[in-house]
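Please find the structures below.
Shared between the two complexes below is subunit A, which pairs with subunit B and subunit C, respectively.
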Partner chain A sequence: MLRSVVASRTGTVSVAVLVFVALLAVAGPWLAPHDPLLQDPQAILAGASAEHWLGTDNLGRDVASRLLAGSTLSLVAALEAVAVGLVLGVVPALLSVHLGRAVEWLSLRLMEALVTLPFLVFAVAMTALLGNGLQQAMLAVGVLVAPGFYRVTRAAALPVATAQYVEAAVLAGASPWTVLRRHVWPKVVPAVAVSTASLLGASLVIVSSLTFLGIGITPPTPTWGGMLATDLQYLFQRPFGPFVPAVLIVATVWACNGIADALRDAPALSAERKVAAHVG
Partner chain B sequence: MAEPLLEVSGLVVRLGRGRERRSILHGVDLTVGAGESVGLIGETGSGKTTLARTVVGLHRAERGTLRVAGTDVTALRGARLRAFRRSGVVQYVFQDPLRSLDPDLTLGDSVGFGITDPGDRVADALLAVGLDPALAARRPGEVSGGQRQRAAIARAMIARPRLLICDEPVSALDAATRVQVLDLLSGLCAEHGIGLLYISHDLGSVAGITDRLVVLHHGDVVETGTTEQVVTAPCHPYTRLLIGSAPTVDGGGMGRAERAELRAQLAHAPNGKVLT
Partner chain C sequence: MSRPRTLLRLAAVVAAAAVALTACGGGAGSASGATLRWGFALPTSWDPVTSSTGNDINTISLVYASLTQLDEKATAVPGLAESWKYNADGTAVTFTLRPNLTFTDGTPLNADAVKQSLLRGKTQQNSLLKDQLATIKDITVAGDRDVTLVLAAPDYQVPNLLAGKTGAIVSPTAFTEDAAAIPTAPVGAGPFKFESFVPESKAVLVKNPGYWDAADVKIDRLELTPTTDAATVIAAVQSGALDVSYIPGNQIPQAKAAGLEVDVIDSLQVNQVDVHSGLAPLTDRRVVDALKYAVDRQQIIDVVNAGVGDVVYQPFPKGYVAFDPSLDTAFAYDPAKARQLLADAGYAPGQLALTVTVNSISQSTAELVQQQLQAVGVNATIKVVPPGSSTWQQEVYLGRKAQFALDGTVGRESPVQNLTVVYGPEGLMNTSKVSTPEFLAALDAVRRTPLDSPDYPRVLQAAVRTGVEMSPSFSLGTQPRVVVRNKKVSPLPHFLSQYRWEGVTVGSTT
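Moving on to the complex of A and B:
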């Protein structure tokens, strides 16, 4: 699958960007030249310099250090939300296809109900109910992205569940679990991978939006979204302040979408190769 | 007659849900003995495939008895049904191998599916149907239609079945390949003493490999007898219409007026419906 992704130029660039962002997330806190929480009253809203590569924020904290330190939390939060969405979306979708009409009806109504929930109101309500924190906010985001996974997985699994080769497997005495593992899951994975990449980008934006509103990750913990929110308040004093966190967010989302596109096109690419090899 | 391997008696099958639910089979009787080959013929929509799918448990029977090798298949559920299927007593060859073989699995994986210790059995099964064992590494999309259907037959044969149900297995093949596959099927069944229920709307392909014929019309058996008897001296107007409608190379066969007369007779025949 990865080979198919890097076969396209967009896929290659997207993978490179994501590898870079992943490196930032892993090594960022150690690479930070300053303590990201250390305030310097003498250098408030300072411009770029040898000591502060990207300047300082309204409290005199080093922006480069905060960006590097905030990478981990920003990405982990997005990954956590997507993981929750995967579990809450993919599992019911597969069960709805294989466990009969009652489960199908129940899961469809549940997902329809989730789709109707207004995102911000739900996230605020969840954090009000469970307390304001990263886990609670990401649970809310995960619940909200679950219908996306559910629909994609169900759409991919439905035709497979009624395919003749599945009937042939059933006639060979295969259990529902075997059918799911051997026949359904491999057909569902590409669609789920595309959705994961796409919703990972979306979740990063949502995490940033929630941080912007003070939900989930609270100050002074650095995140890309939180820095964007703070820098926007001082746009006149530091016009380029929001630029770097915005670029990181946009680049990561773009890379996720690029990988999603490459994954979506991957089956076609491999089919063309298969035919070419056969003809050759 | 050989000992019955498949016994179908008074089989009633209804399919669909709610208002769409309708009767497909209205009390079908059928037997297939060990080593016997029986052809089930009828036009599209007559219930042939429904009958075959009910025999293997893909559809539920509403009434009637259905015994395969002495086992009441209608009484089996869940783990017991899976165990019966794993025993391989009855195997099914689908019409279109491109749809019945997983496009992502190699032919070897598909043929050996469900076999606990495949070992050389996959290669042997492929050889038995005239395929090069090297094709085991290919996917269905990478071989010809005839090779695919041979692989589908190998998948059925590897389980060492006592009853083989073939649902129009050659309808998607060209004439030359069709003859090869038919010869293969009849040879395998004769060699291993397998009971064969061969389903087709094409009398030409059925007549050559079956001992008996059962004619199904709108969910009812309207005629049954030895293949020679049914083909040479059909009793029911529907059977005569089926035989007369078969295309011939010299353009002979039944004329339009004669077919119209038979259709008129069918309107008054027992269990018969007017053909439109």
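Moving on to the complex of A and C:
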């Protein structure tokens, strides 16, 4: 699958960007030149220097170190949301195809209900209910991206489930689990992979929006969205302050979407989807 | 052919006349139909009886007039009452109202209306003015204009006390019909009449021509909107979405660079930490004292407010009559002493955990304090109270859930009232609700001292000293009002106690 993605120029660049951001997130604690929480009231809003590569913020903290620490939190939070969405979307979608009309009806109504909920309001309500933490906020976001996974998975699984070779397998005594694992899942994976990449970008935007608003984080925890919000208050002193977190957010979201596009357009995967559609 | 030409000439004459009339209309310095858009905070309630924060006086006083008001130096001067007189022993004070006063609903504002309004504050079940009005034992009326307040004990603070929301007079017709409607549909006799209100969003007020000082009000329409994000204030004023608002001190250079006017106005506002000594581990006085020495107040002023403000260790600014110079170094920053006090209380570095509660616009202060506490071995976590007109009240004042809340008093009209709010047994900001007999006796002594007595400053400052030494809460520094305004708005008058709009004009050019 990776080979298919990097076959295109967009896919190659997207993977490179994502790998770079992932490296920042993983190696951030080691790369950071300073403690991201350490304040220096004698050096507030300082410009870039050898000591502080990207300057300091309103409390004299090293911006580069905070960005690195923020990378980890922002990415992990977005991954968490997507993981929750995958479990809550893909599993009910597969079950709705194979466990009869009652499960199908119930899961469809549930997903339709979730689609009606506004992202930010629901996330704010969840953090008010469960406490102002990133885990709680990401649980909320995960619940709300689940319908996206559900619809895509179900659309991919339905034609396969009624294919003749699947019916033959059932008649030959294959269990539902075997049918799912051997015949349905491989056909569903490409579609789920495209959605995962696409919704990872969307989740990152939501994470950044929430942390921009101060939801889901406890100060002084650094996140890209939170840093953006703080920097915007000091535009006069540090005009380029919001630039770096904004670029990181935009680049990561663009890379996720680029990978989604590349996956969608990858010849091998397109062929898989066409076969699935044809069989249906 | 000649008819259209005649019509055209007529239209030109009418247009020219309209332009000329418009130009003449602004003779008083403000363009006719002058609208001022003020970015501030909506009150927790438009009813002075249920308003739950002192800051509300800035907005409530738009709608209500009080019996007295404060001048620039925070001295009581006539308001609805043109004069007042105490009896010989200070147990009764008679206010004489100005003639022919009316509320904006047309109800006559006479002595009986004043009596009913004050009695509501004393008796309504959910009144938050009961404490302050407890000094009034009885109210008698003589004729239309004289109302006498019979006091429970000698109290020379009453004219000051009644200069704020405690003395804001509400139309009896309105609250008799539906008292529950007053918080969202107030009826008073202030400089403006309430026109519309969208909770958490906007209030629109229009000039009240019946206000006793209407000649000094040059604004015809005032639109009040809450500002929750300091980052957008300057842009909002620059774009004309707002005409006047307030900014943190560190945004002064940005506002000036944007071509806006900035006024730094001294105020009675003092930032403080509300410490709840009823919540462990703050039940140990040594821990509380350690926190007082652990906070570097000057650093907060320098870093968060760009040096605007002064360090004070009491809830009054320098120069005000209640300010006690002997408290100048009361809890001066001393981390070594803080560490020693914590050790005496049995806490090794890192053992003590604390939650710092803060509102959403003061997070930087909280982060700074967090590091200062960490330097003396206290592990602090920050809890941010979300924005909203009543969220802070629910969390800190009424809910009393905060151990260590970064707060501030905007001051009160009477220094005794301010001391009561900050240190009194039922004071909103005294989240511990603990007070000593010595403090209450000192307050009583202040009440019994006439304001023009040479002893007054000494007695008052002694009460301040007692309160500061008794209270687990502690002051941080003064917070002058940093007002940013569009050039079309004339400078605001410098009142210590609150925002006032008398004489402020709004021109037609930016």
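One rule holds in what follows: the second predicted complex is superposed on the first by the 266 of 280 C-alpha atoms of A that agree within 3 Å, B and C clash if a C-alpha of one lies under 4 Å from a C-alpha of the other, contacts with A are read in each partner's own complex, and residues count from 1 in each chain.
The rule is short, and it goes like this: a contact is a pair of C-beta atoms (placed from the backbone, for glycine too) under 8 Å apart; a residue touches a chain by one contact, two chains touch by 3 or more.
Quick caveat, the model's predicted, so the values are computed rather than measured.
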- [ ] Sticking to the clash and touch definitions up top, decide whether subunit B and subunit C on subunit A clash or fit.
- [x] fit
Open item on the list: By the touch definition at the top of the document, which applies to A:58: first (subunit B), second (subunit C), both, or neither?
Closed with: second
Task: Angle at the Cα centre of subunit A, taken between the Cα centres of subunit B and subunit C once the superposition is applied, in steps of 10 degrees - done: 140
TODO: Applying the touch criterion given at the start, work out whether A:173 contacts subunit B, subunit C, both or neither, answering first, second, both or neither.
DONE: first
Task: Partner chain in contact with A:220 - subunit B first, subunit C second, else both or neither - done: second
Task: Shortest CA-CA distance in Å separating subunit B from subunit C in the superposed model - done: 53
Task: Common ground on subunit A, meaning residues reached by subunit C in one complex and by subunit B in the other - done: none
- [ ] Note which residues of subunit C are touching subunit A in the complex, please.
- [x] 230-231, 250-251, 253-254, 257, 299, 302-303, 360, 363-364, 366-368, 370-371, 381-384, 386
Open item on the list: Per the contact definition, I'd like the list of subunit A residues that touch subunit B in the complex.
Closed with: 163-165, 167-175, 182-183, 186-187, 274, 278
Task: Residue ranges of subunit A in contact with subunit C within the complex - done: 37-39, 41, 44, 58-60, 128, 132, 214, 218-220, 229, 232-237
Task: Residues of subunit B defined as touching subunit A within the complex - done: 56-58, 82-87, 91-92, 94, 96, 99-105, 110, 113-114, 139, 141-142, 155, 159
